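Shared between the two complexes below is chain A, which pairs with chain B and chain C, respectively.
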Partner chain A sequence: MKVVGTSPKRIDGIEKVTGAAQYTGDIVLPRMIFGKIKRSPLAHAKILSIDTRKAEQVPGVRAVITAADLPDVRLGVLTRDEYLLAHDTVRFVGEPIAAVAADTPEIAREACEQMTVEYEELPALFDPEEAIALDPPVVLHEDYEEYERLIELAEMDKRPPNLWQAYRIRHGDIDAAFHTAEAEGGFILENRYMTGYVHTTCMEPRAAVAQWGPDGTLTVWAGGQSPYIARDGLSRALGLPPSKVRVIVPFVGGAFGGKLTVHEGAIAAALAKKARRPVKVVLTREEEFTTTSARTPFIFSIKDAVSHDGVLLGRKILSIFWGGAYSGEGFLKPIFSTHLYPGSYRLPALWVDSYGVYTNRIAGGALRGYGCAESAWAVETQMDIIARTCHIDPVALRMKNLLTEGERTAITMPAHAFSAHECLTKCAEAIEWGTPSEQPGHPWYRGKGIALGNKYSFAPTAASVDVKVHEDNTYELRTSAVDLGQGAYTVLTQIVADEFGVEIERVKLVTPDTAITPFDHVAGSSRQTFHTGNATRLACADATRQMRQEAAPQLGVDPDKLDVSGGRIFVKENPARFIEVGDLFVVEMLAGKRPAAVEIFGKATWEVSASPHDPNTGQGEHPMAYMGHGAQAAEVEVNVETGQVRVLKFVSAIDVGKAMNPQGVEMQNFGGACMGIGIALHEEMCFDEKGRMTNSNLEAYKIPTIIEMPRSESMQSIIVEVPHQQGPYGAKGAGEIVVVPTSPALGNAVYDAIGVRIWDLPLTPEKIVKVWQAKQREGGSA
Partner chain B sequence: MKYSLSLTVNDEQYNLLVEASHTLMEVIRDGIGLTGTKCGCEDGRCGTCTVLLDGELVKSCLVLGLQAQGKSVLTIEGLGTPDHLHPLQIAFLEHGAVQCGFCTPGMLLTAKKLLDENPNPTEEDIRHTLVGNLCRCGVYTHATRAILSVARKS
Partner chain C sequence: MLNCCYCEPTTVAEALTLLAEHGDGARVVAGGQVIALLLRQGFIKPSCLVSLQSVAGLDGITAEQRGVRIGAMVTLHRLGNAGNEYPTLRALSEAAHTVADQHIRNRGTLGGNICGAHPASDINTALMTLNAEVTLVSTQGERMVNLHEFLAGPFTTTAKPGELLTEVTIPGFALRRSAAVYCRFSPRAGDFPVVSVGAFVSLDDTGQCQEPRIVLGNCLGAPTRATEAEQRLAHRNLLEDTRSLTEAATLAATHLTPRSEPMASSAYKQDLVGVLTRAALTEAVARALEVRP
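Then we have the complex of A and B:
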């Protein structure tokens, strides 16, 4: 019996379909009150004074806090540039300034309105290309040089004052590549691309509940992506030793990168301390949009040197990450976004400068694909243009330039489990690549597009797992890996079932709680199946080792002659000689029987080290844990009069090494397509000239509904399995690669349909009509 | 000021005192303590608070609690229990239509209403009915398959 590789019903499913699943916002504690956050209405201002007296007098208010109630520490993962509550300066609309806890959320909101904050408005800076200047009109962080920084920037003569990240790749001779292209009949292709201003938009808004124990221990319930990152953040923000902070992760209503930090948890905790009561903070939808993780844009300038027959000779990229007021959850994006460039294609020369800058907007954060979904927009559109420029089929052009297994990439690290050929081939077959779309007639035009993608999983990283064996042949998995909806709990449970040779029902899960479950880095970077999966296997092996050890005297053979499966410890050569798991636990201690095993408790840590990121060259033998590959293709129809784009068919072929749960992979494939369609076609955060978001609701910021998806028979998920030598059972992650090729696949399909390019995401009707009309004026036709 | 409210939720009678300004969603979640009805936006756009009020689909954040006086509400907790799941609940699990689960209660109740009125819907019917239930995990394709499978069985 094997459970890995099958698709059992998700183990948290019954709770979810019956409404029993408890999310953070559902938690009610005795004497619990409610917190609300007072936020800046200005994009950039000095705070002259905060008067909380009127707020404190509102009946029902139990506590009001400002920065004065908190330790004077700056937060931030690798650059400590942000206060939990603003000190003397606010740098984006929505920045927290103060908070109130009251008997009802309404009273807390009213008290926030009763607070008087005096500001001196400062000029604001929104344009990233202005921000990166050596002499910018506004400097956001005058004290930057004093900030604690845990990461080196690339060397430069003078740091532009708004720059917080700089990373480079240097490989081969890029100037020689351009020279060769020109001298030998090839060509140079240079374009500028921009990705959209999009938001994670989890259905569950961020929330936290905080409660202090009599011994000064803080417990925070927060549906985040990492209880340990949350614990460390709370510990730092509140000046508590980590052992005094307990983080419990209830059910999580989606995260996608948007629930890495736990700022509202720290605010709830500070309020709870002052009010001496438990406090719940639940963000409104507007607060979600205006103050939590946004995928802010990248601007890419790409210049390619290509031979006459479509071989890449060199690629030069300048990218600017449009960061917001703080480095936030996007702290590593300027680095990690560059991992895509060497990941798929052979590049004799690669030159990359990648920067992150501050502007007076919401901090740039994580959103599924962490930089690679953005760089794929530029690279895979560029590949389509190269193919068309040299009259080579776009699939053939890509095939021609792909790496091969074991080949060193342009950042030194060899390609491993390199499955791009297979993903591309299967994807092209499924979309009937080469067969032109049937044309419905003006004003609708149809076309097909394809794109490739890759997604690194970061390193160094680690995961620990505990497995407790119960005398009733039940196996308890304790993990801090979080199920955000992607199915981690089910996959890890499947592993335990197989490692002990039992039905999945015999595995019990203890969900993330830092008081009980061991360290796991984060539910992010498509890493849990890979790392926590490996840790789970090792913890199970540790438990079975102990079981064999304890059983050996009873069976009179050496432990290594024993095996464990199906609740029995048996002699390998004679399975009829066995004892039951329960025989290891003799419980009649008072009757004088010595317990064979008081406790069988398997433990393991899986750790992946990495070669350091060299910010000046980007070179490294092993700068990431692994790299996954995938291809996506779409058939679309475009109405050139209204600009509407309908996705008729969508194919996603991704390599997961080993499909631990094939239905789960399909769910990622279709879910990624859905999110990717929204990001490519219509999602866009809009801001006015004062830096205020103008569409912070679900009507105006439009995530896909069921109508935007192709009909169910036109969605196709293809699983490719090229095993990774380090993956558990060969597996790689699936969570992010499914949105990496989506935007360029759709953009290339729009081009195929109407023969015009749009360089900046999203591909809105307005842009489509505009470029179409411009083309008509120039005398072109579809 | 609080007013008395009598209503039936999942066949149980409740007599409560509620603020006039409180929505049906708040009454269900905070007053009665049934938290399967979710709150994703408070302005009727996400669909996670969908319930059936006297058999009609409503977004409970757009209905005042007092408007439910004397009426009957079905929430996700009344659709089925772990021992007696509704066929749609089983189908959603079998077809992989549940990811994070936050939209699931609203989507299931919307699907129930659809099948009650139209036991044999086309995919187009499903698309038009589910358009008010947003899902960021993107379970739409699997939810369509799940609903079609229940329709075929009945």
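Then we have the complex of A and C:
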């Protein structure tokens, strides 16, 4: 093992920084034209008529499509509740109604404006707590019961009509836990938390280029997270067999969960078919904000039973996921968000009800952490409050309640590679926990906060990898794992280099293209190093097995007495007896020489199954692939007059099992901290009373800049390595855990500084001023 | 779709002729900082864009008896440094320094920032604090208007069709012990301020405050004078009566009902007005006292 565990230059780095890397938006095809989408200005309305005649007459317009041009199928990953283009109802501002392809994007936009749509406005529903009622004021999907659903909801007497997801965890006797707490001098602590309404805000907006071949094969270029999910979505939306759809993934400018589906690719394809020309669709920043996957809020009510000395006796959680008009890319969030609860702490009783509801807003989707960052906001703030309630240090309180290796969690699954102690200890050390912050004087107050987190990686899942051996000692890796910026291509290349014992330059990468590269589930859930990494190792082993087999007759020994490294196949006991890789291949067939190895092609599939989905108890021996752990801590400075929060110091101690590329892990730590700081303190999608987003641009939506970050010497990345028995080289993923504890770490630091809690994210200056003023009125002081 | 002509005249006279020809449909491009956004968002649909890029003579800064005259095409970057050479411009320089980022300050101009009339413009709030006057020329002649009268509301000025803003005059300070300060708050660097406050005080020999000015930015459609707060300071001896600064700040905060915006309610903006006014006044008095009488 030479390259794994080191930090070679990113293999895509030079291309990206020099501008040579081709993104979807850069693609230009002969005769290509441009698509634009006509969208609903209303949050809820019946469509009475669509008149496209004026749009069709705009010079330069090549095609106009509406739902009538598409197969009558509903889309959706687990609940098929959404049309590509609206049929008779629109349910959020920005919902696609029609599309135009024209010679320029400007003409296409003009034609969209020329289209006349008649609506009958319906009352809209925005409040998730109103939406979950048994008799809500508005029902978004009257036909819900007829929709195709691929996952079972928890049993209930009567489904609230706007509910699309219900999941439960039942473990231990929760009522007994509350009784014990009351009877034996402990306490019960109940609070309500809410997370923010934020967006992935990738640098690259969603884009797609579609082209039809003469045989009716559709090719779509789209920078998404999974070419195979995209292929299946296109196949369903357009009524094509999967073999007639080819998806190519160019470079991707960030995804963070926001690029799972490719609706714009399907729209581009439908336009391209009608126009008989290739079509490119690139979303504007406003469209990105208003119509693509947002991390919509969760509302959590947590009630804890705690002993007088800070031992958790039981935890009861009700959570409502503020879904939008469709279940969208957030389809599993109400389930997966619950995985955090049993992951870190010993809970003799755990009772969870988790729901997802429809409202007339943009569909809720994935954003780095898929529910766990949200759950952590509630749980880790609650842990801080418990510590302060029973006067125990917040780190000690957590330590006291942590699981131990091998212990069964509250969902049956045993804790494995359980590194929370180490993460917490190292993090606390680095932030100088226990040493109070120096106080600069009014109006600035300083404080420190810490939080723990865990992140599951989902199962079941699978990854396949092909490795082709070339006669010039080059190893070609074919994968559908997408590099979204997280470094997957580099890490997988490192693995191939090590498995063949060659320098990294001898590995050639074939990037995702469903016509060439084999199945990989998705670049999501921190799963690529773990699953695709395993598949890569197995594919390499398959290739070296073939190499040994082919070499055996030439070397006159059994294949199992041979080894492969550095371009040689050699006898293990006598490495001086070897042949070169090139010797395996005999190319002069026309000269009459017998081909030894015509093709050496390793392939493998790595599969992880899961215990059966039980929505009524949440119990399972193996409901996920693995769980990673991490802790973060912050020191902040709060101005109580303006409400400004400055992050002075930030520490991440993250367990990755094995740092395949330590610099890559460090970048994940820093990048995650920056993103998490933005989500905790700055970012918020705002809407007016009609459900229209009021800050859908980068001036008004506050992605923080480098100036809002701690100085680089005050950002610390600590890599913890507790190997996972199934991980390749022991590795786990690092992509999401790095933003899970961030918000509560900052919230706890703000509390430490000013002595007041804010329950809903983000911790904006205005909220800080408000809670501070309320505290002053009550006569408190910091 | 934008369907308009683009002209690059080389003299003011040529520019004025173009503006006269196109009347209401003409828009001036100086650095492009403001107009590029207005065009992109489709807020304006001009028939002709008249660029001042190649017009000579609009980028001077000269000190005269009446005050400092600054050409409309002086960039924000240069304005940011001008305070070192021209002490009366110090608050304007401080304001210019906070606008957006260095790249934009290299392009953005004084005239463009004024005529863009953004309600949160740092430049306009600072200029009003300094009692600036603007010079407007057209083929019909020339006039000078106080900036206060020039700014009519959000993205709106009282310029008539065909008029071009060529320069700004910052009058000299009547009393030696005078100072202006510009304070702003935005949680994110480079943003328009959530609220900004400009304060001007001048103290006579006894320490009495003469003709104070307090200007509130991004509260209403255009920078607004906090007149009640100003009255509270006028003729007070600020050396002895330091409480009046706090009182003026409180009056400024309740002077108006600021417009709310995403992530900042009206009430929060009022709080910020109070905090920033107090800070600006305190600093202005301190600076005024630094000047020898």
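Note that the second predicted complex is superposed on the first by the 781 of 782 C-alpha atoms of A that agree within 3 Å, B and C clash if a C-alpha of one lies under 4 Å from a C-alpha of the other, contacts with A are read in each partner's own complex, and residues count from 1 in each chain.
Going forward, contacts are C-beta pairs under 8 Å (C-beta built on N, C-alpha and C of every residue); 3 or more make two chains touch, one makes a residue touch a chain.
Computed from a predicted model, the values in this text were never measured in an experiment.
In the superposition on chain A, A:705 contacts both chain B and chain C. When the two structures are aligned on the shared chain, A:202 is found in touch with chain B, with no touch to chain C. Once chain A of one complex is fitted onto chain A of the other, the partner contacts of A:764 are limited to chain C, with no touch recorded for chain B. By the document's definition of touching, of the two partners only chain B reaches A:23; chain C does not.
Within the superposed three-chain model, A:304 lies out of touch with both chain B and chain C [touch as defined at top].
Of the two partner chains placed around the shared chain by superposition, chain B is the only one that A:673 touches, whereas chain C remains out of contact. With both structures placed on the common chain, the touch criterion links A:499 to neither chain B nor chain C.
Partner contacting the larger number of chain A residues, of chain B and chain C: B.
Of the two partner chains, chain C is the only one touched by A:695; chain B is not. The interface of chain A with chain B overlaps its interface with chain C at residues 106, 699, 704-705, 707. In the complex of the two chains, the chain A residues touching chain B come out as 7, 9-10, 12-23, 25-26, 28, 106, 200-205, 251-254, 256, 282, 284-285, 484-487, 663-664, 666-667, 670-675, 697-699, 703-707, 709, 711-712, 715. Within the complex formed with chain C, the residues of chain A that make contact are 106-107, 109-110, 641-644, 681-682, 684, 686, 694-695, 699-700, 702, 704-705, 707-708, 764-766, 769-770, 773.
Across the complex, chain C meets chain A through its residues 1-2, 185, 187-192, 194, 262-265, 268, 271-272, 275. In the complex of the two chains, the chain B residues touching chain A come out as 21, 29, 33-43, 45-46, 48, 75-77, 79-82, 85, 89, 92-94, 96, 98-105, 108, 123, 126-127, 130-145, 148.
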